[in-house]
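There are structures below to look over.
Below, subunit A partners subunit B and then partners subunit C, in two separate complexes.
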Partner chain A sequence: MLSVTVAWRNLWRNRRRTLLTAGAVGFAVLLVQLGMSFQAGSYEPMVEVSTRFSSGHMQIQRDDYSDDPRVERFVSDSTKLRGELLALPAINAVSSRTETFGLVTKDERSYGALVVGVDPLVDPSTSHLSEQVSRGTYLEDPNSAIIGSALARNLRVDVGDEIVILCSDVDGSVAFVAPTVSGVFETGNDTLDRSLVQVPRELINDALMLGDGAHRVVIMVDQPMLPDRSQGTIAPLVPPTASLLDWRELMPEISQSIRLDKISNGIVYGTLTVIVVLSIANTFVMTMFERTREFGMLRAVGMRNSSIFGMFLTETFLMWLLGVAIGYGLSTCALFPLINFGVGMDSMGMDQFAGLLFLPDRIYPAVDLKVILVAPISIGIGMVLSTMLASIRLYRLSLVDALRYQE
Partner chain B sequence: MTDAVVQLKDVTRVYGQGNVAVHALQEVTVEIYRGEFVCVVGPSGCGKSTMLHLIGGLDSPTSGTVTLEDQDLSTYSNNELSDLRLKRMGFVFQAFNLIPVLSASENVEFILQLQGVEPKDRKARALEVLDSVGLADAANRRPGELSGGQQQRVAVARALVGSPLLLIADEPSANLDSTTTRELCELLQTINREHRTTILIATHDSVVMSYSTRTIQLEDGKIRQADAA
Partner chain C sequence: MNNFKLVLNLSLRNLWRQRRRNSILLVAITVAIGGVIVLNSLIRGMQVQMVDSVVENLSGHIKMHAPNYRDDPSMERGFVLDPRGVERAIEGLPVLGWAARISIPAVIMSERETRGATLIGVDPDQEHISIISRFELEGESLKSASDSRILVGRALVEELRTKLGRRIVITTLDSNGMSKEIGFRIAGVYDAESESFEKSLVFSGRNALQELLGSSKVTEVSIRLKTRYAQKEDFEQVRDSFLELDVLDWQQANPIVAFMYNTVNLVIYIWLGIVLGALVFGLVNTLITAVLERIREFGLFRAVGMRPRIIIAQVVSESVCLMLLGIVFGVTGSLLIFAWLHNGIDLSAFASGVEMMGMSSQMKPALVAHDVLVVVLVSVVLAVVASFYPARRAVRMNPLDALRH
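Our next item is the complex of A and B:
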């Protein structure tokens, strides 16, 4: 017990140095926790926003569809499959979509577009598109269509105009539909605005002779960030010739940018930790020199090197506790309001990129065990190593040299 | 088996090598007996501290043997030497004897803790021994709040608390005035007489020498004259 007292009081022998060191630990903990919680908080909304543009969290497709998306490669009986999927507890929403490339024509103008058939009552639960209709209405009529704003401009069509969509059916014969434009959407995403048309699935399925087939059965789950967990429960329902893909495969650019973000931030946190730990190591080594005589005395009165080292480790541990307490205090003060109110992208000057980068309007930092523990543990390990480094002197210096040491 | 507590046989201690080699002690043979109050005297650099360090197992001889109660110290491991110092010896140095962040009684208790004394007994033992050196009132003061003489007496108290066989002091009075030196010496003499604790002091101070039962004179690392006990 007395050795803990000694360690604790030793910390306060050089109050300023201890406070600076503990402050550095605390500040590093604060920075890493702030950064990590914002990171952790941004991924889920980013996935949420980006998957709701089109892909959804997961999809069931025919095995060969993603390599070569041909009309005849569809999953049949999609309504039955949807019902079975919805019965699973981990699933929030399911929407079947038919998809084909078509030529959209109005008068003498024609543009190629991706024509997607959706169930108008169901699809809004998996996609934001219905909310992005800026003129007119979403698909309300069985023979309606919504089209991207740029495409509408190019075709010179507006709400109420009839368009003709030419495509080929499952047998390769030409098919067409002629819906009336009920709405024009503006997503902010160029590709979608320029080349997407949505029509009711029944309309396009009849024309293509797909029956109840769908090219993509889009699934929204409870925990999109843990896709492996949902996959296990969904897998038994996937038809034999089809496969289940999650957002990481459907939107590789998103999962890659998350990976890249994690790596680059990891490098920043790692560098920060190394800098803090090096300055702590420097302090410890200096302390060792200053206290050489004291160690000589302690050894002379019968204390073992290992006990002196133990005393040092105790000091390190107390210093660490102090620093981590400061860090937790600071980050609680900083994170508490942020968790409740979030940070708007506009305040970071990021709003103009939000649509482009699939970023949400507001980010709420997310605190999990990793955020809480990573910084304290890595700094703690660094501090123990620093203590060991400084203590090499304890073992190398002969006792008489320590006793004769002049500061 | 002899009556000698400490025996040095042909002890040589050389620091450094070649041209810069310093023969701090050369072929010293000497015995110190139980209950003696021995002063090691001689000019600066003659090897007094070196001799004390060798006897205390803080340093080891280049050649020759140092024995404590007939045990050759060279057969002890570092940790065994630590334990030996903890339980059989007490040290008092010129300065920096105490742990600065602990009070006088805590300094004594710290040694008791290292010695494995039960926590409940420590406080009482520490106060008892501080009382015996006349410092009962200063028990709760830290070294920085004590005078030089008081600090040395705390160091003596700490050295004594384990009832050591041998008390080694290296110029304990160097920072003290003559009155305080006398008080310290009288304290040491009392301990020497009452507990038959063997005392070995390196000193320049004639006041200290006057309390000794024997002096060992060193010159250039050799013994010049050793009075019979």
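Our next item is the complex of A and C:
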């Protein structure tokens, strides 16, 4: 206890320096924490928004479907599979989808589109598309379709018009359905608005002769950011010729941009930490020089080098505590309102791209253990190393030299 | 002049006197300056790449369409090309070339599969301005604007399960909005860097397409300049010559890339501020100590008649010398790293991620003299400001008090 009191008093012998050093620690902690909490807060919504647009958290597909999606590569008995999956505790929602490329025709105009067959009562639990219907209604009739706004404009169709969708069935012969447009959706994502049509799965499955087959069995889980956890429980239910893919494989662009973002931010935080630790090391070396005679005196009255080092280390620890407290204090002040109210994409001028880049409307920074600990721990390690560096002198100098030392 | 030499001499010796302390600070400055320059050059490289790939990938610097084309891309929204008008509009501009194209959505059918894509009619003689002339090809390229064969991307060929020399049928709308089916023979299969590019674009001769669709219209004209960025006046000159058309610069034609491009400028300065902010703590700490421990020395100087101004100048020049040395090391270090990264950083492991951001999978740093200059200037100013105040405090002390300190 005595050594702590002495160390604490030593710190305040040079108040300005202590505050500046602690300030540097606080500055680094604040910046790293702000940055990391925004990262932590944006990844999950990004995954959530992007998976809700199309892929879902996980999918069961036939093994060869993702490489080369063909109509005949479907998972059979999808309703039974869905029932089994829903019985698992980690799973929130399951929806089977049929997918094929089709030629959508209205009178003399025709455009190519991705035709997706969904179960209208089930699919809204895995996809936000039903909420994006801006005119008309979602699929209420067994012979209805919803279609992207740009595609509707280009085809010159509106709610109530009949369209014809031509595609090829499992045998490769031409199949067609002729649903009535019940709704037009506008997602903000140009690709979807321009080239997606959804129809009831039963309608398209009959035409394609798929029975109860589905190309994608879409699964939503409790913890999308930790897909490995639920994969173990789902795996036994996956049919032998099919495989389970998670969002990282389904949307590689999302998982890769998250990884890239983590790496580039890591470099930024690393550089910042190195600069701060170097200036702290510098301060410690200066301190050691100034106090050479003092340490000589302490040794003369019988204190051991190791005890002096211990005292020095205690000072470092207290300074670190002070710095981290400053950093935490500032970041709490900054983060508290942000966590509650979030930062709107519109305030950054990014709202117009939110649909395209799969960004949520608002980002709420998130604080987890990693956010709290990474900066203080890495700076702490740097400070201990700096203390050791500065203390080399303690062991090198003889008692007499230390006592005689003139600044 | 003599004073200057004296001051410089004294500062250098003082720096050397405290070499351990100063060398640690020097390392910190070097890391900071080097880090800022390297990171900025990477960010700039990314920015340059975004622009280059946008300009090269059919957008050009300036693009024009008929009004409403962007909302409803079709032959009906085409316009009649007036080559002389284009030539007049670009007169005096540093133009590398221009190309008139047809670009319309189409459905492509092979014997086995059907896919959607964009059909682009080009004149190969005009396409030295775009990536089309630089495709790696299996088979042949288009011979002329009347070549009625087609170039298809590798990924699309695989999806369609067809191959070079085979025929495909394309369904698209003609200039009256009527569906039309046209057969094409695949002249060449091209490889592009991006898979989505390969999947979504097919190319044929422009005049051949016009004939097949019964129209003399084109849907876009793209102009590429010799410079990397289009000047505002250049753009306005073209825009004002085509009042009846939508004339867009690359930023308007690619709003996402433009947004990221502009964000980058901000990121560079934020990063500079953070790093120098971190540096300032160490700098001020060291300088204050360096001044305080020499108060007696300064008192002595004053007692033997040195002017306060000279003492301040000495302290400031110490700090500036240290900073300059750090800048030299930092810049040298960053140049070495720059040379080492010369061939680019391979980001192919993140290919689809970087593609989403409009970058290529080879990240090449780009050194911008202006950025380095800003770093150097700001850090020198920082060195002056951080040393001036402690020095002034030291000389404000009464010389007698200082001597007794």
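The rule we apply is simple: the second predicted complex is superposed on the first by the 407 of 407 C-alpha atoms of A that agree within 3 Å, B and C clash if a C-alpha of one lies under 4 Å from a C-alpha of the other, contacts with A are read in each partner's own complex, and residues count from 1 in each chain.
What we mean here is this: a contact is a pair of C-beta atoms (placed from the backbone, for glycine too) under 8 Å apart; a residue touches a chain by one contact, two chains touch by 3 or more.
As the structure is a prediction and not an experimental result, all values here were calculated from the model.
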item: Subunit B versus subunit C as contact partner of A:F289, first or second or both or neither; value: second
item: First (subunit B), second (subunit C), both or neither touched by A:L237; value: neither
item: Touching partner for A:L88 - first (subunit B), second (subunit C), both, neither; value: neither
item: Touched partner set for A:V122, first subunit B, second subunit C, both or neither; value: neither
item: Subunit B versus subunit C as contact partner of A:L272, first or second or both or neither; value: second
item: Subunit B versus subunit C as contact partner of A:E108, first or second or both or neither; value: second
item: Touching partner for A:A334 - first (subunit B), second (subunit C), both, neither; value: neither
item: When both partners are placed on the shared chain, which of subunit B and subunit C touches more of subunit A; value: C
item: First, second, both or neither for A:S307, with subunit B first and subunit C second; value: first
item: First, second, both or neither for A:L31, with subunit B first and subunit C second; value: second
item: Footprint overlap on subunit A, comparing subunit B with subunit C; value: none
item: List of subunit A residues in touch with subunit C within their complex; value: 16-17, 20-21, 23-24, 27-28, 31, 68, 70, 101-103, 105, 108-114, 150, 153-154, 167-168, 172, 195, 252-260, 267-268, 271-272, 274-276, 278-283, 285-286, 289-290, 349-350, 352-353, 356-357, 407
item: Residues of subunit A touching subunit B in the complex; value: 1-3, 5-6, 9-10, 12-13, 293-294, 297-305, 307, 398-400, 403-404
item: Of all residues in subunit C, those that touch subunit A in their complex; value: 20-21, 24-25, 27-28, 31-32, 35, 39, 71-74, 105-108, 112-117, 158-159, 171, 173, 177-179, 255-256, 259, 271, 274-275, 277-279, 281-286, 288-289, 293, 347, 349-357
item: Interfacial residue positions of subunit B with respect to subunit A in the complex; value: 49, 53, 56, 58-59, 78-79, 82-87, 89-91, 93, 96-97, 99-102, 106, 109-111, 113-115, 119, 158-159
